[in-house]
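What follows is a set of structures to go through.
Consider the two complexes below, in which chain A is the common component and chain B and chain C are the respective partners.
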Partner chain A sequence: MRRSVSIAGLAAALLLGMGVFGTGRKGSVTSAQEKTSTMEVKIDNFGFGPVTLTVPVGTAVTWTNRDDIPHTVVSTDDPKTFKSKVLDTDEKFSFTFSKAGAYPYFCSIHPKMTGKVIVQ
Partner chain B sequence: MSEKKKDELLHDHNHDGIDRRGFLKCMAWAGTGAFCVMKGGVLNSYSLSRISEIGTSDMMGELSFVQISDSHMGFNKPANPDVAGTLKAAVDKINALTAAPEFMLHTGDISHLSKPEEFDTVDQILKGAKPKDVFYVPGEHDVLNDDGKQFLKRYGKSSKGAGWYSFDKKGTHFMGLVNVTNLKAGGLGTLGHEQLEWLEDDLKHLKHSTPIVVFAHIPLWSVYPEWGWGTEDSAQALAYLKKFGSVTVLNGHIHQTMQKVEGNVTFHTAASTAFPQPAPGKADSPGPMKVPAEQLKSVLGITDVNYVQGQHALAVVDSSLA
Partner chain C sequence: MHPFDIKTVIFAKHAQHVVLIHFPIALFIIGVLFDFLAQWKRQRLLAAAAYYNLLVAAIATIPVVITGILAWQWELEGQKLKGILLMHLVMGCASSVLICVVWFIHRRARRNQEEVLPGFRLPIEAVAVVIVALTGHLGGFLSGVNGPG
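After this line comes the complex of A and B, so read on.
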């Protein structure tokens, strides 16, 4: 399933630079290379797991929707640091965090679903 | 799209013309929407699945319409692999009503993923219903990815803001509200300042004796906030409605029927035509509930509302698709 594609992380970083978001491309992920590590967040039962994820700078985080219901992954800041398209069952979204900080996010369809990525 | 299954007699072990399986299936098809009758200023809503238990006189009023909800066209998981089929079954139920409803309300989640073809399929199926006018409000599944632009283009041409509007039918004032856009992290459904202002203004010219029917996707009362089943700023909306003698609030979203009376306001949620969800807090999450196939239609439904001028009450009855 997983493939080493550091291009995905690069593309995400580029999109970030251009202020263009909303990837959520299916299978557009993911690497566990020496420098860029990957962390996963699973969406199960209307919840993000783990709710809080702490990662080093440069990490690509991938969310996978394992529910029967679509969800989104949207940062709560304004303007949005990241914003996925709607993820149907088994679809993924990834984003590479290039700056330290706390990134709270939520599902814009089911706003009771919240999570946080802490980048150190 | 599957054809409506006939309740055929498969095994007649008792030679009584009733086969247990067919009977259960029949029972199961008891709820796909609500038939609503306005009677004397009071709205009564009957589940379409149980419509046969309702006396003909109860079904007569000044005005009757049907509420359907949560069609989720495009959903194809085990909880219901044939949402087109169950929506068609709902339409059949509606067409079988002796007192033909004047119009239909769809309280949102028409589509599952806001795809054009999902909306097209629902439009096509609903064309087969006798009532030709359908009034829609969006569910959160109808405004994915584009902040509801497509929804507005299709269903909200004469609406305001994110798609809210009002209209009058035979002395009853109907208000379609939108509480599924601009949702905030950690929050519930939201009406927003602009819509609340419009609502206050829209009610200003009405006599307090005017029966009001408010319809929106997410419940306007706190059904179960832990699962997001409520609307942040509904209290403000209800405050504006307080002076009216008869107020009925019709919602969808939670895929089960529930009623509550609070002073002059009757709250009512309709079943889904697609798949059931668990009772509040009775599962880990509000995800689709898988029930045995023969029971599915008993937990799906339509709501019928009947309005009769004069008294002051509304009756809502839900019928399952069985």
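After this line comes the complex of A and C, so read on.
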């Protein structure tokens, strides 16, 4: 009887401990995601999608070229805040926005392709 | 963007390379067509028309090559090219050389006052037309003219 009580107590303690640690781990994952949140812009069919992206400060934006032809991602300001190399199909470019503001950009091979990142 | 900035004038929303390229392509293809017709019909007038079309086509390649290389050096900062861009560059250079070679063959024959142009020019002209067409196709693909954009 005493033995079965002690096993039940041990099992309860284990379950409680797993619950506490589990919650703690979940909390740490959430805070990590908040710190390094990423947003994606797809380049396809000679356009950026979404054209305008609003993100919080500290967000990393990743552009992925899903088009059949090369594109670039270049900010319109001078000096350039960000400028990618030529991105072939499925290549990516990332930039982390550490300051609030509006960041218009374009593709230097196809200047009619434009987009904007608004950092709040 | 400054309206008198040379980079702005040549590139940003004024892609002069894309505009200028149509002149050598059209002049060269028509020049070769006239040359083939001159060979077939034995007409000196068509041969003269072919010569002047090829001459202007060869001259027109100069600004096209310059604006193309400047676009690579300024817009893409001269980075190592690959894929379609590299193919377009290589085939564009080959096309320019072939256009000039074809014109030079005609010029030499005219200078030497040869009655008949050398026959080996015809396959060179045919190959040149194919390479020019492929280069133009790649350029159109890159600029979006041949694509959905």
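The rule is short, and it goes like this: the second predicted complex is superposed on the first by the 88 of 120 C-alpha atoms of A that agree within 3 Å, B and C clash if a C-alpha of one lies under 4 Å from a C-alpha of the other, contacts with A are read in each partner's own complex, and residues count from 1 in each chain.
Note that a contact is a pair of C-beta atoms (placed from the backbone, for glycine too) under 8 Å apart; a residue touches a chain by one contact, two chains touch by 3 or more.
No experiment lies behind these values; they were computed from the predicted model shown.
In the three-chain model built by superposing on chain A, chain B clashes with chain C.
Once the two complexes are overlaid on the shared chain, A:Ile69 sits against chain B and chain C alike. Using the contact criterion defined above for the overlaid structures, shared-chain residue A:Ser108 touches chain B and also reaches chain C. Ranking chain B and chain C by residues of chain A touched puts B first.
Judged by the touch definition given at the top, the superposed model places A:Gly58 against neither chain B nor chain C. Contacts of A:Asp88 after superposition on the shared chain: both chain B and chain C are touched. Once chain A of one complex is fitted onto chain A of the other, the partner contacts of A:Asn45 extend to both chain B and chain C. Taken together, the two complexes place residues 45-47, 68-70, 72, 85-86, 88, 108-112 of chain A in contact with chain B and also with chain C. Taken in their complex, chain A has these residues touching chain C: 45-47, 68-70, 72, 85-86, 88, 108-113. Interface residues of chain A, counted against chain B in their complex, comprise 45-47, 67-70, 72, 76, 85-86, 88-89, 104-106, 108-112, 114. Within the complex formed with chain A, the chain C residues making contact are 11-13, 15, 75-76, 79, 81-85, 141-144, 147-149.
Remark: chain B residues 77-79, 112-114, 140-141, 144-145, 183-188, 226-228, 284-288 touch chain A in the complex.
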